[in-house]
Amino acid sequence: MDIVMWSYRRDVNYYETDRMGVIHHSNYLRILEEARMAWMEENLIPYPEIERRGIIVPFTESKATFISFLRFGDTFRVDMALTRFTGLRMHFSYKVYNETTGELCHEAETVHYTTTREDYKPTSVKRSHPDIFEQLKELVSDMD
Amino acid sequence: MDIVMWSYRRDVNYYETDRMGVIHHSNYLRILEEARMAWMEENLIPYPEIERRGIIVPFTESKATFISFLRFGDTFRVDMALTRFTGLRMHFSYKVYNETTGELCHEAETVHYTTTREDYKPTSVKRSHPDIFEQLKELVSDMD
Amino acid sequence: MDIVMWSYRRDVNYYETDRMGVIHHSNYLRILEEARMAWMEENLIPYPEIERRGIIVPFTESKATFISFLRFGDTFRVDMALTRFTGLRMHFSYKVYNETTGELCHEAETVHYTTTREDYKPTSVKRSHPDIFEQLKELVSDMD
Amino acid sequence: MDIVMWSYRRDVNYYETDRMGVIHHSNYLRILEEARMAWMEENLIPYPEIERRGIIVPFTESKATFISFLRFGDTFRVDMALTRFTGLRMHFSYKVYNETTGELCHEAETVHYTTTREDYKPTSVKRSHPDIFEQLKELVSDMD
């Protein structure tokens, strides 16, 4: 099994800052989503295609530590990995680094579930989409 | 015809500010949307019900002047009116006041169109929903 | 010691929804912030005044479970409490209910620290602002 | 004088969509800001450096037409130009294209003013920052 560590990188947007002069804490969940979508596109299949194949991946849990600030003018990097996949639930881990200062800014874990149905109830993709199930199994890795 | 001037009021949210310490300019379009939805609920029917009746009201034009700043801790008031309705297009005008200082902060006009179809192409509600058409005609007023 | 349970209530905004038709998960952190600011204004002193007195309260940890969805047209209620205060760190707990359906939507905990300095390093308010320290001690309560 | 047409390109983010399944109209002002910041970094100097040199560039006017929709999965391109500069006011024009479908999505104009002061009152940079003044004069071009 390969270790699949994925990095996503961009500059802080002006509109992401708040009156403290730093990225508002709620925006980290948006940044992690961007990183996750880029990870899927690179390692699996683009999320719009996952949706077209009938799978929706809602958000169910999050845990985060806010360690240092990101400011406008900074570039950040998200290192991330799919750390666990049960057929039903995906666990992702993330570390966000300030590439301008080298500091670790943010650590997070998010959990998602798959559903093939309209009502957004958890449904394993093992039977319904065995190819995606196998690919995801292969992608599981440790964070470090 | 009655003059229907409608006011919407709330406090500035912390997360709406940017590193200048003021409401980020993009948030005014969100505030105007809140005011418009409250206007519909009070004067017409709630927008979720309009949608259930098969009408969607997309955004097509906007024009705005940013006059003075709103800061966290300020309360604002949006005065608004439906200034024109053609059966197809709704024109709204807005003035946003800082209730803490009394200053005029923002002036805007937005134009929307109605559609009864899935493809979001403009469609008059005159025939499809004559009751809503009549009600909207009655609501047209000048801003001042 | 009184139990201080605080509730914050409002409608879902259209712009808070995403293409799943529900509130985007990142917006819960914004909603909790609104609730917290309302809590401070009612029970302590308004946050803008806390800032003027030289205290900043950055965000340091969060944990959340996303249980059911909130949609445009729904009204929600946030029940919250300050569950722990060390002089340095404040722990808040929250439960978000869909008032339209009665369902529990979201459970969360957030941790914040106080700082009296420009560099946003944690600093206890015990000595610098004993009145605020005492008031906060009094406000600590269980969630239920 | 050279024609300086600048293009900015990225994918639509999931969190930028609303329940209509398209980018929420308020997000165009954020996208235009991203494009403008990239334009400054490439053609002038990065905006954080402009701020460090004591210039702030607040937003004063906007005008926009929403022509067709951008959806999650689409890539867009912003073509933009500084169309007028008076020493005090900068006028930018933008056209946003859906690169996936080739359609024009959005046309906009924004006006900004320069200020060298803390109170955000309009101030010409002609005397205070003649090098930036000259550079900006050179960058003025038609949109085409």
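Chains here go by letter, A, B, C and D, matching the order in which they are written, and residues are numbered from 1 within each.
Throughout what follows, contacts are C-beta pairs under 8 Å (C-beta built on N, C-alpha and C of every residue); 3 or more make two chains touch, one makes a residue touch a chain.
These numbers were taken from a predicted model, which means no experiment stands behind them.
The greatest centre-to-centre distance from subunit A, using averaged C-alpha positions, is reached by B. Comparing the chain pairs A-C and B-C, the larger number of C-beta pairs in contact belongs to A-C. The centroid of the Cα atoms in subunit B and the matching centroid in subunit C are 29 Å apart. Centres computed as Cα averages put subunit A at a distance of 25 Å from subunit C.
Chain contacts: subunit D has residues 14-15, 26, 30, 33, 72 touching two or more partner chains. Here subunit C touches subunit B in the complex through residues 13-15, 30, 33-34, 37, 46-48, 72-73, going by the rule given at the top. By the touch rule above, subunit D contacts subunit C in their complex via residues 14-15, 17-19, 21-22, 24, 26, 71-72.
The part of subunit D that touches subunit B in the complex is made up of residues 20, 25-27, 29-30, 33, 56, 58-66, 69, 120.
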